[in-house]
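Okay, so chain A shows up in both of these, paired with chain B first and chain C after.
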Partner chain A sequence: MNLEVILRAGLSTGTILIFAAIGEIIAERAGVMNLGVEGMMLIGAMAAFKVAYATQNAWLGLLAGILAGGILSLAHGLVIIHFQADQTVSGLSLTFLGTGLALVLGEGLTGLNTPTIPSVDVPLLSSIPFIGRIFFTDFNILVYIGYLMIPLSWYFIFKTRPGMHLRAVGEKPSAADTLGVNVYGIRYLYTFVGGCLAGLAGASISIAISPGWYSSLTTSGQGWIAIALVIFARWNPVPAALGGYLFGMLRRFTLDLQGPMTILGVKNPFFYDHNLVFFLQMMPFILTIIALLWGSGAARRKRKGTPAALGIPYIRGERGL
Partner chain B sequence: MKFPFRITFENRTEEVPKWMPLATSLGAVVAAFIINGIVLWLIGSNPFRVYKFFFNASFGSWGAFSDIVVKATPLILIGLGYSLAFRMKIISIGAEGQFYMGAFFASLVVLVPLVPLDSPKIVVLTLMAFMGILGGALYGMIPGILKAYYNVNEIITTLMLNYVAVYWNNYWIFGKYSDAGFQMTPTFDKVAWLPRLADLASKYPFFSGITLHLGVVFGLVAAILIWLILKYSRWGYEISLIGDNPKAANYAGINIKRNIVLVMIVSGALAGLAGMSEVTGVVHRLQEKISTNYGFSGVIVAWLAKLHPFAVIPVSILFGALIVAGREIQPSGISFLIQGTILFLVISSDVLLRYKVRISRRQEEVA
Partner chain C sequence: MTITTGEFPYAVEMRDIVLRFPGVLANDHVNFTLKKGEIHALLGENGAGKSTLMNVLAGLYRPESGEIKIKGKPVTFNSPKDAIASGIGMVHQHFMLVPTLTVTENILLGLKEPRFIMRLAKYDKKILALQEEFGLKADPSANIWQISVGEQQRVEILKTLYRGADILILDEPTAVLAPQEIEELMQTMRILVDQGKSIIFISHKLNEVKAVADRLTVLRKGKATAEGIDPQGLSRADLAELMVGREVIFQIDKKAQVPGEVVLEVDKLSTTNNRGLAAVKGVSFSIRQGEIFGIAGIAGNGQSELVEAITGLRESEGSIRINGVEVSNCSPGKAINCGVAHIPEDRTGVGTAPNLSVTKNVIMKNYTESPISNGWRINYPAAHDHAVDLKEGYDIQTPTVETQARKLSGGNLQKLILAREISGKPQLIVAMQPTRGLDVGAIESIQKLLLEQRSNGAAILLISEELDELLELSDRVAVIFNGELVGQMDASQADLNTIGMMMTGSLRSNE
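So, the complex of A and B:
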C-alpha cells in the first residue's frame, strides 16, 4: 500500500466520474434531470471502442463516444421537454435503452484490442519537484483534460452570460422566457452537452483509462455514482471534482487493503480470509449512500444549490415556475 | 422549405377514453418489436427468423410455456410491489437487492437451520416464506427511511443497495455456507422445495417435466390482495392521494413520511417473497445470479401495466417470454433492448393520455 499510488489512481479513475458529474451538473442546472447517465456512458464506451477498433484511430473513437452519448440524451430531451413526461422515469428508461443498445451493438467486441488515447507527461509542469511527479507525469491525456474542465465549467456556469441563461432556465424558466431566452432550445442544448460529457466519460473508460469492452460491467454503476456526486456537491463542479477524485482514491484504497499481511502491526483480516473482500467491494456503494445522505442533509439545511425548476416541465403560457 | 404540418398538443378537457391506456401499452409493445426488428436488420440478422425463434422458444410447447410462467412469477410479485411504490411517485428500483435479501433470509431457515429439517413441509415452507418477506421488507425499509426522513433520492440508494446485496450474498455462498468450495450452498433438503406440477407426474403423466411451482399462486394471491387494498382500503386511497397531490394529502392529515416507509416495506416484502419463491421453487439452493435482472424488468412491467395489479400478470408473462427466449437468442442483448425500448415508448406515449395531438396542414402565411 503506497499513498502515492493511491493518490494517482484516484486522479486517474476519478476523471471518469468527473466528466459524467460535470455533464449532469450542466443539464440539471438547466432544469433537466437526466438519470440516464449510466446508459449514456455505456453507449459512449461501446461506440468509442467500436469506432476506435474499426478505424484504428482512438481519437475518432473518442469523438464517436461523445456523439453517441449526446444523441441518446436527445431522446430524453424530446420526451421530457416536448412530451412533458416524468423526468425520473424517462431517465431510468434511458438507462435501460442505452444499456440494451450498447449490449446489442457491442456484441463480439469483448477481448479485442484497440488503439487507445495515449498517456503523456505535461511539458514544463512535470518537472516541478514532487507535484510534477504526482499530478503531471504519465497520465492519460483525458486526465489533464479533466483538470482543465473543472475550472472552465465552473467559470462558464457562474461567471459568463450564457452560463447565467443556463441557470435562469433551471431556476425560473418563465422569467427567462419573458426576457427572450429560448427555454426549450437551451434545455435541449444542455441536455445534449450533458449527454456528450457522459459519452466522454464512457469513452474514457473503454479506450483510455481502463481500456476494453466488458459489456455492462464496463461502467458497473459509475453513472449512478456520478449522479450521487452531483447531489453531494450541490450542483457545483468544484466539489464534485474533489469528490470524484476522493472516490477514486477510496476505491483504490479498498482494493489495496487486501495486499499486506499486517496493517499497523495487526494481522490483516482481508489477507487471511479472502471472502471478507466482498465487504470491501460493497464499500464504494455504501460510501455513495453516505455521501448522498450528507449532501441531502446539507441541501436541506442551507436551501442552496438545488435548481428550483429541476425536474419540472416548462409549459409556455401556463402558470408555474 | 418548412415542415408542411403543424403538430399541436391541446389539453384534454374530457375524460381519457377507457381503451386509451390499454391501446398505448399495446402500441408501445408492437412498436418496440418493429423498431428492434429494424435494428436487427441493420446489424445484419434476419428479424423474422429471430422473432419466429423467439415465439417457438417461449410459446412453442406446454413445457416452454410453463418455463415462462416460472420466470413470470418473480416478475409478478416484484411488479406488484413497484406498482404500489410508483403510485406514490416513489421510484424505487431496489427489488433486485430485496429479492436477494429475501432469498438469503429464507435460505437461513435451511442453512442454519432454524427448524429441525424433519419438521413437516408446511412448517418449513411457511417459515421460509415469512423469513423471505422479512428480509425483503427490512431491506426495503432502509431506503424508505432515508427518503422519508432525510430526503435522500430513493433511486440511487435502492440501486446502490442492489449492489451491496449481491456482495452480501456472495460472502455467504463463497464462504460460510459454500458447498465444498463451489460458489453455491448445498442443495436444500426436499422438505424445503415448493411443490411443482412435475411432482404429480406419477399420477398424471401429462405433467412430467412441467416446472411450474406453487410460487405462481403467491403471485396471483398477492395481485388480488393489492387490488383489494387499492380499491377498497383507506390505505389504498391514501397512496393514490399522496401520488396525485401530496399537498392535498398533507392538508388532509395523511402522514406522508410514514406512508413512504410503509410502501417501501410492502414493496420490499413482495420482492423478498419472490426471492424465497425462486430459491425454494426453482434453484433449490442459494447461489450466484439467482435473478435474471428481475428487479429491472419489474420496473418496466409495472409501467407497462400502468400500475394496475391485474395487468401486471399478463405483462409479466410477456416479459417471462422475453427472458426465456433471451437466453438462447443472438445477439444476447436483444431482449434487454426490447425491454428498454418498450419502457421508453410507454413513457413517451403517455403524452397521448394527457393531450390531444392535432396534426394540421401548415397554412401559407399571408405576407
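So, the complex of A and C:
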C-alpha cells in the first residue's frame, strides 16, 4: 500500500466523476435535474470506444462520446422543457434508454483494442519537486483537462454574465423571462452541456483512464455517484471536484487494502478474504450515502445551494416561480 | 397637473385593446392613455383586467386587436424585450427578483453589458450613482433575500430605470408595504415624475390614488368604466362604485355584544422560528366567545410563529388551551377537532392546494365526515354538492367547482378558504392578514363574514398589518413587537399614534 499510488489513482479515476458532476451541476443550476447521468455516461463510453475503434483515432472517439451524451440529453430536454413533464421520471427513463442503447450498439466491442487518449507529462510543472511528480507526471491528458475545468466552471457559474443568467434561470425563471432572458433556450443549452460532459465522463473511461468496453460494468454506477456528489457539494464545482478525487482515492484504497499480509505489524483481516472483499467494495458507496445525508442536512439547515426552481417546469404567466 | 410637450402629448396610447383568455374576455375594447410626466392611476377589482392590460403594454401578452402607440409611434411588441426597448419598465406585483443574486446582479440580469466577465465592483458604483439620482437606496452588494420588501421594490424600480425606462408601470406596489414605506414610495413617485418619467400606478386603495394620481382610469370586468378622469372631484364612494358596479358600504356594521366564555387561553407561550431563533417570547392572552382579538405589528415580529403554534403547525413551550383542553404541541388535526379554523397568510402555499379542484379544496377538513365520506371512500357526488352549496353561499366566482383552485383570483381564493373554515362551525378562528392584497368588494365580504362569525359566538384572533381594519373589527387589540405582546387595550380606546409607536418598539406598556 502506497499513499502516492492511492493519491494518483484518486486524481485519475476522480476525473471521470468530476466531468459528470460538473455537467450535472451546470444543468441543475439552470433548473434541470437530469437523473440520466448513468445512461449518458454509458452511451458516451460506448460511442467513444466504437468510433475510436472504427476510425482508429482516439480524438474522433472522444468527440463522438461527448456528442452522444449531449444528443441523448436533448431527449430529456424535449420531454421536460417542451412538454413540461416530470423531471425525475424522465431522467430515470433516460438512464434506461441510454443503458439499453449502449448495450445494444456496443454488442461485440468487448475485448477489442482501440487507440486511447495518450498520457503525458506537463512541461515545466512536472519538474516541480514532489508536487510535479504527483500531480503533473504521466497522467492522461483528460486528467489535466479535469484540473482546468474545476476553476473554469466555478468562474463561469459565479463570475460571468452567462453564468449569472444560468443561475437566474434555475432560481427564478419568471424574473429572468421578464428581463428578456430566454428561459427555454438556456435550459436546453445547459441540459445539452450537461449531457456532453456526462458523455465526456463516459468517454474518459472507455478510451482514456481505464480503456475498454465492459458493457454496463464500464460505468458501474458512477453516474449515480456523480449525482450524489452534486448534492453533497451543494451545486458548487470545487467541493464536487474534491469529493470526486476523494472518492477515487477511496476506491483505490479499498483495493489496495486487500494486498498486504500485515498492516503496521498486525495481521491484515482483509488479506484475500472473499467475504470481506464485497464489504470493502461497498464502503465507498456507503460513505457516499453518509456524505449525502450529512450534505443535504447541512444544506437544509443553511437553506442554500439548492436552485429554487430545480425540477419545476417553467410556464409563462403562472404564479410562483 | 397636465404636461403636454411638443409632438407627442401621450407617452402611451392604447386604443381598443381586446384580449381573450379561455372563457374570459380580459380586455374588452379598452382605451388607455398616459400623458408625459403624469401619474395615471389604474383601478379595478381583482380580475378586472388591469394586470392583463399592463402585461400587454409590457410585451408579455399580445392583444387580439387594438393599437398601441408609444410617444406617438405605433408599435407591436413580440416580447418583453421590445417593450423594454421602447422605454417601458414594469414593476410586477410579485417581485421578479432572483433571491440568491445581489442587487447589482439583479439589475444587470438580461442586459448585453457586461459582455462576459462581471466586474461587480464597477457596476456597484454605477448603481449607487443611479440610486443617488432618484433617492432609491438599497445596498448594491447585498443579496436580495437579505434586504427588506421595501428595498426589494426599490431594486425593481432601479431595474427599469437602469434600462432607461421613462414609462413605469407599478403593479399594486403598495400591497406589500408597511405604512411608512408607502409614504416613501409616494415620495419616490413624485421625484420620478419631476425627473420627466411617466408612471402608471395600479392600485385598488382609493386613498392612495387620490393622494398621488393626476388622472384615473377604472376597469370593471374587462371594460373601462372611467377613462382618464380627474380623481380629485370624486368621493371614495364614487370610485368604489365605478370599480364594483354597485354601492359599497364602508361603514363596518359591528354590533355591541357581551363576550361569553373564554375559548382560547394562551399562557407564557414561546416558540422559535425556522432558523431556530426565539420568535415568540412568553406571550399570554385569552379570547372569549363573540370577541375579536386583534394583534397589530410589523411583519416578522413573531406573528406567523404564534399562529402556527396555536394551529398545531409549530412546536412551542407554554400552554395553549381551547375550551380548557390543552392543545399545545398537538397535531393540526387535533386543533381542527377542537374547533379551530385557520385562515393562513399564504393562500396558495398553506391555505389551498392550488392544483386541486375547488371541490377537493373545500372538503379538506371534513372529508372524513358523513355525507362526504362513508367510512373509507369519498362520496364525490356529495362532495360536489357541498362545493356547489359553498360556491353559492359564499359567492365564490369560478366557472365550475371542478376548476383548479389556482385559477381563482385572490379574493375568490380567500372566499374559498373562509367557506371551508367557517362551514365547519368553528369555535376559534385564527385569521392572518385575511384581506391583504384583496380589492374593495372582496375585503367587504371577508370582513362581513368575520363579523357574522363573531355574532355567532366564535372567538376570533385577527392578525393584520392594516391598522384601520384591525381597529374597526376588533374588540380588543394588542401589539406584537419582537415576539412580545407590548400592550393590550380596548379597541375603542386605542389610538393610532400609540399603536404605531408600540409597533416600532419605541413605546412599551402592558396596560
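In this section, the second predicted complex is superposed on the first by the 320 of 321 C-alpha atoms of A that agree within 3 Å, B and C clash if a C-alpha of one lies under 4 Å from a C-alpha of the other, contacts with A are read in each partner's own complex, and residues count from 1 in each chain.
Definition applied: contacts are C-beta pairs under 8 Å (C-beta built on N, C-alpha and C of every residue); 3 or more make two chains touch, one makes a residue touch a chain.
Remember, it's a predicted structure, so these values are computed and weren't measured experimentally.
Student: For A:Thr160, using the defined touch cut-off, is the partner it touches chain B, chain C, both, or neither? Pick first, second, both or neither.
Tutor: second
Student: With both complexes superposed on chain A, which partner does A:Leu148 reach: first (chain B), second (chain C), both or neither?
Tutor: Neither: A:Leu148 stays clear of chain B and chain C.
Student: Which of the two partners, first being chain B and second being chain C, lies in contact with A:Gln281: first, second, both, or neither?
Tutor: In the superposition, A:Gln281 touches chain B alone.
Student: Just checking: does A:Val266 make contact with chain B only, chain C only, both, or neither of them? Give me first, second, both or neither.
Tutor: neither
Student: Please determine whether it is chain B or chain C that touches the greater number of chain A residues.
Tutor: B
Student: Using the touch rule from the top, collect the residues of chain C that touch chain A in their complex.
Tutor: Chain C reaches chain A through residues 58, 60, 79-81, 84, 90, 92, 94-101, 105-106, 108-111, 114-118, 159, 348, 354, 406.
Student: Which residues of chain A touch chain C once you look at their complex with the stated criterion?
Tutor: Chain A residues touching chain C: 159-162, 164-165, 167-168, 171-172, 174-181, 304, 308, 316-320.
Student: Any idea which chain B residues touch chain A in the complex?
Tutor: Against chain A, chain B makes touches at 39, 43, 91, 93, 146, 150-153, 155-157, 159-161, 163-164, 167-168, 170-171, 174-176, 296, 299-300, 303, 330-334, 336-341, 343-344, 347-348, 350-351, 354.
Student: Please name which positions on chain A make contact with chain B in the complex.
Tutor: 35, 75, 78-79, 83-86, 88-90, 92-107, 215, 221, 224, 227-228, 231, 273, 275-276, 278-279, 281-282, 285-286, 288-289, 292-293, 296-297, 299-300
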